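Order of writing sets the chain letters: A, B, C and D. Residues in each chain are counted from 1.
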Amino acid sequence: MTTSGPLLQVEGVSKDFFGTNVLSDINFNLEKGEILGLVGENGAGKSTLMNILFGMKVISSTGGYSGQILFEGKQTSFKNPLEALNSGIGMVHQEFSLIPGLTATENILLNSEPTRYNFLTELFGPRLSTLDRYEMQIRAIAAINKLGFRLDQDMLVSQMPVGHKQFTEISRELDRKNIKLLVLDEPTAVLTESEAQILLKSLKTLASDGIGIIIISHRLSEIMDITDKVVVLCDGKIIHTSKTSDTTVDKIAECMVGRSGVLESSKAHAQKEQAQKEIILKVENLWVDMPGEHIEDVSFDVIRGEIFGIGGLAGQGKLGIPNGIMGYFESGGNVYFSGKKCNLGNPREALDQEMAFVSEDRKGVGLLLDEPIDWNIVFTAMQTKDQFLKSYLWGLIKWRDSKAMSKVSKQYINELEIKCLNEWQHVRQLSGGNQQKICLAKAFVLDPKLLFVSEPTRGIDVGAKSIVLDTLRKINKQKGTTIIMVSSELEEMRGICDRIAIVDKGKIAGILPADSSSISFGKLMAGVGETL
Amino acid sequence: MTTKNLQLKKLLTLDNAAHLLMRNTVPILFILISAMAIPLSEFSFSYLSQELMTRLIRNSFLVLSLLIPIIAGMGLNFGMVLGAMAGQVGLIFVTDWNIVGMPGVFLAMIISTPLAILLGLICGIILNKASGKEMVTGFVLAFFAQGVYQLVVLYGMGAIIPIERLTLVLSRGYGIRNTVNLIGIRSSLDSAISFDLGPVPIPVVTLFIIALFCLFVVWFRKTKLGQDMKAIGQDMHVAEAAGIRVLRTRIISIIISTVLACWGQIIYLQNMGTLNTYNSHEQIGMFSIAALLVGGATVSKAQISHVFVGVILFHLMFIVSPMAGKNLIGSAMLGEYFRGFVTYGVISAALVVHAWTRFKTNQRQRQHLRGN
Amino acid sequence: MITHRMKLFQLGLVLTFIAIGSILFYVGKGHDLILENKLITIGPVTYKAAPSIKLIIDDQKAIPVNSGFANKAFVVGASHSLKAQILDDAGAVIKVIEKKFKLSLHNSFLISMPALVANDPKWIKEI
Amino acid sequence: MKHIQNFIIDFGWARIIIGLFLLSLFILAPVADVRIDTSISDTVARFGMACVLVLAMVPMIQSGCGLNFGLPLGIIAGLLGATCTMELELKGLIGLSFAMLITTVFGTIFGFFYGKLLNKVKGSEMMIATYVGFSSVAFMCMMWLLLPFKNPKMIWGYGGSGLRTTITVEGYWLHVLNNFLSFRVSESFVFPTGMILFVLFMCLLIWGFFHTKLGSALTAVGSNPDFAKASGVDIDKMRVISVILSTVLGGIGILVYQQSFGFIQLYMGPFYMAFPAVAAILIGGASINKATITNVIVGTFLFQGILTMTPSVMNSLIHTDMSEVIRIIVSNGMIIYAMTRVNKARQKK
């Protein structure tokens, strides 16, 4: 039943999470056999839109959404992803959801395997029917052929190269009986160039069979060459939608990144004149094996007293740089700190060289949630610099000096305006903003020469954001601490940093002064810009 | 086919040979121990084969019942002791009602199955709650159940639960005696149809039941439920994302294992002939798991071949070591202790190897992500 | 999602198992028989001890029950047959009494030789 | 009502039930004409005997290695210390302190290798600890037969080689701690001040340890290993230290137990000794990765209270000795209860 109307119509959809507006008045539609590119910075609302389409619980549990979605002309709102799957909408996530020990066939047909009836199913339910291996083989090959990619369906997923895994996952969606709409989230993120080309070609063949495709990607070059229509999301609003043929890479990049063209006035200090130009940190072909934030080969220099920004989209590896240098994850390459080569892989050595790191994973790495505030602030200094300890018996026993601990904690509680009952309150009970301030206080107590700060303003209220940024500026100005700030909030970094490096696919796409145009930043992020 | 010769080529590489050796160290070690101990123990071949045959038919069913939880990723099911207890309760009632022969054995199985299902359900729910620590929780659960079992059998039966035959009850009027003579059903399965192959009596019916169980395991791996369990055993979250009801399937795997352990215990006891009420189930968990591991199974992968190889090797060592110890150093006690040490040693070695290889495979998988 | 149809089948399974269980119970039930050859009074009549008897139950080995003594036998199942060979002092068989009898599910029974010889209907009773 | 609610959630249903159960036993005692002073004297004595063994659990729980089911390894170090000292015929307080010295040496060696092993199997420590404990006890059974001990009080009577299963410490250091400064409270209740003082001193020592730099680092490793690693703490080193501490404490604990109990139990003696200690600290309120000294003291008192009271009160009330069954159900039930709460805590984060 091929209805003449568009396959998917999104009309006036908007959504807010506890008051903050995430999506407002989204309108677009998708024809059968058409490929739509959905582009936007992190936090622009792409994933929320997809959650709405798939009826994820996170949407219904936070008050649902307004506006309506028509699928094949019918008003629909799916209560859970399975319903969406059954009505023909497939989704391929960024991180693989494959079972390593099973073959490609078994993965493609996971939980929808064809079975042969036997009597026991009457008694104990359908799951006692035996698998029809022959039929499974046929369906798997059919799904793989739809993709036009030669994939051995009997190979174990654990032995497959990364590209094959991606194709296995896509063919799992294609195996669904009445697949009409396929959504892919960053499909080429893990593929090599050649594999990416093959994937794009096979997506074209799928489209020609009448399947609607939505690709969420930031690789503008791929978007340009394969999609029929482009929708650019920024801060929850569609600010640019047109046929791909009518628009250019520069236009998309500019809409993707630029909020207000003008820079925030708060960037008071003019371009600091780097007279002394002494390099405090030199990094050469650094690789870091951090899950989800993999770094291939990164080299850059940081000047003493500078605030050096590192930007880039999620999953491209920017967070890997500080984690690698500080030794949280396996890393290699040469890193020189004020001239001296430091060996990587041990956080203690990095700390001993007066480097400090405020991690992006506050709850996981940054804090002891079940310990009091003074503990959290003082702990690293205590362990690495033997501060806040009274030593007895000629240093044989180093006893915690609770008076000194509470004195320094009180000092930072006032300075950073941390809202808490007292310094013995357990950190678990504090708000996100206050927890972030404690992580900062922990780093400041170390009085480092070089301070890594990772996603300092993520998930905290606006008031706390400005305090955090102002304190970083103050520390940099008064004590001359060099700060390397890793963040996905490009605007904030342009307001505070001197230079910003953009990381894409595990490499440095380019380093630009903070006041360069947002288009150039957007293009670097989208992997099309030319490096400085 | 490409994958076939790929696997073949992979087999010959040195790294894989070391890996293969590493995986089968335990069976190889046991063959060595037995090879040394047999001559020392001066047992005759016919005695050994007779003894091995009885142990094989006595223990294989119990060891086989451990396979299904391993497929479902629950590790070694120390909670099988709960199934053994259910089986023993069934036997106590059958002996009380004085039902003899094969009808007695099968009736014991029928009346103890509902109890085993209930215990399996409770065990499954608790293991789900302690996911990540299934094995140690199952282990402690077996001790806890031991307490409840004693409460029911030592104090309940006779007082609350009516027991007619006074020969079963303790002198104080309630609670079952320490040893119950199962004369009525003694080896009724084994000697139903049996012929002698040389010195060794072959019990056809029991072997038939064990063969039936092996077919069930093979068939079960082919069913959708078996495939779901395999998926869950590999990666719970991906299975959940694919819509498989993970917790429910894990409970089913524990229930099946508990019921099979219950039947296995009944087969074990009808072969033994006497039931020592308060500790025969305790050793069962330990020896069955040790036997399975001796066969070369690991905490996450087990085949039917591991079961039989394991039972033979383990019990061979079990029979031979006391005598070997006596002849070697002149004290049978040393052989006994050596046997105990090897049992626990093999289980700890297998657990350490499993935890260590899991740590290693994660590292090896991430190897290709490393830079040059 | 146990459908209605499955509930029926499962109920059927449970019923068949109960049926099999009771059949097994019935077939496998063992009974202890006490064979007594002593003075016994059944209701108004008293019988004195009969001469020594050789008792063959089903096709078990013959069990001697001498006058004034008792013996035990074990049988399985409900329906049985017995052959009593009454012996004279020299041990020769004078008379043979054959009987078929059905046992209830009770565990132990008393068979009185004198009552059997005298063909009294209550020659067997539950104890 | 809210306050009570928090108390229940925090203290946990199981502990409340056990606490009330013990309370009811104490109330019923006079009704069952059980002498109160003998019960209390028993409870205090058993408290002293078991407290150090329960204290041995704290270091490993704090450092995140979980419950130390491998306590028998520490106990074996203690047994070796005791038997070697008896071999050298050292008596009295000097003997006991020398035994403690040897135990510390053995405990450190065993603890070091045991700690290294546990570091290799992060995530499944408890299961492997259990079986390391069992295999070491089984191994020692062989060693007790083979080790060249000569002291006639220890080896089998008819001159055979190998040690007896139970060796009396009579004449060596029997009640050497108990009688130190002990005073008589009532006709049948002698307060073992020496032992109680020693035990409280050990608790003070461990309490102090957790106030030092090393102790705080160890606690941090337990509550959030990533945080500790990020703060420059060598996680594996801390875990090994905690295991060594736990093993040595286990050894000292068994020495204190022996001097009051009067016998050294060899061969399969220490096989199941880990479970009562684990149950006691959990009853005291400890969780799988957090334990304090108060948990130790409260837990030991509650658990030993139940062990002493149930036989006497139960016997006189319903004339059956159910104490063995109750001990099994209470201690193992408590461990399972703690295991199932681990996920709840993780979900809360």
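Keep this in mind: a residue touches a chain if its C-beta (ideal position, glycine included) is under 8 Å from a C-beta of that chain, and two chains touch if they have at least 3 such contacts.
Everything quoted here is computed from the prediction, not taken from an experiment.
A.B. asks: Please indicate the chain closest to the centre of the assembly, with centres calculated from CA atoms only.
C.D. replies: Per-chain C-alpha centroids ranked by distance to the global centroid put B first.
A.B. asks: Select, from B-C and A-D, the pair of chains that is joined by more C-beta pairs in contact.
C.D. replies: When the contacts at B-C and A-D are counted, A-D has more.
A.B. asks: Quick one: report the Å distance separating chain B from chain C, using the average Cα coordinate of each chain.
C.D. replies: 42
A.B. asks: Which integer distance in Å separates the CA centroid of chain C from that of chain D?
C.D. replies: Measuring from centre to centre gives 61 Å for this pair.
A.B. asks: Please work out the Cα centroid separation of chain A and chain D, and write it as a whole number of Å.
C.D. replies: 48
A.B. asks: Between chain B and chain D, what distance separates the C-alpha centroids? Give it in angstrom.
C.D. replies: Whole-Å distance between the two chain centres: 32.
A.B. asks: Quick check: in the complex, which residue numbers of chain B touch chain A?
C.D. replies: The contact residues of chain B facing chain A are 1-3, 6, 219, 222-225, 227-228, 230-231, 234-235, 237-239, 241-244, 365-366, 369-372.
A.B. asks: If we count contacts the way the header does, which residues on chain C are in touch with chain B in the complex?
C.D. replies: 17, 20-21, 24-25, 27-32, 76, 107
A.B. asks: Flag every residue of chain D that touches chain B in the complex, lowest number first.
C.D. replies: Per the touch definition, chain D meets chain B at residues 69, 117, 120-124, 126-128, 130-132, 134-135, 138-139, 141-142, 145-146, 162, 267, 275, 320, 322, 324-329, 332-333, 335-336, 339-340, 342-343.
A.B. asks: Sort out for me which residues of chain B touch chain D in the complex.
C.D. replies: So the residues of chain B in touch with chain D come to 126, 129-133, 135-137, 139-141, 143-144, 146-148, 150-151, 154-155, 329, 331, 333-334, 337-338, 340-341, 343-345, 347-348, 351-352, 354-356, 359.
A.B. asks: Quick one: which bits of chain A touch chain B in the complex? Just the residue numbers, please.
C.D. replies: Chain A reaches chain B through residues 82, 97-102, 106, 110-111, 113, 115, 126-131, 152, 154-155, 158-159, 285, 287, 289, 294-297, 330, 332-333.
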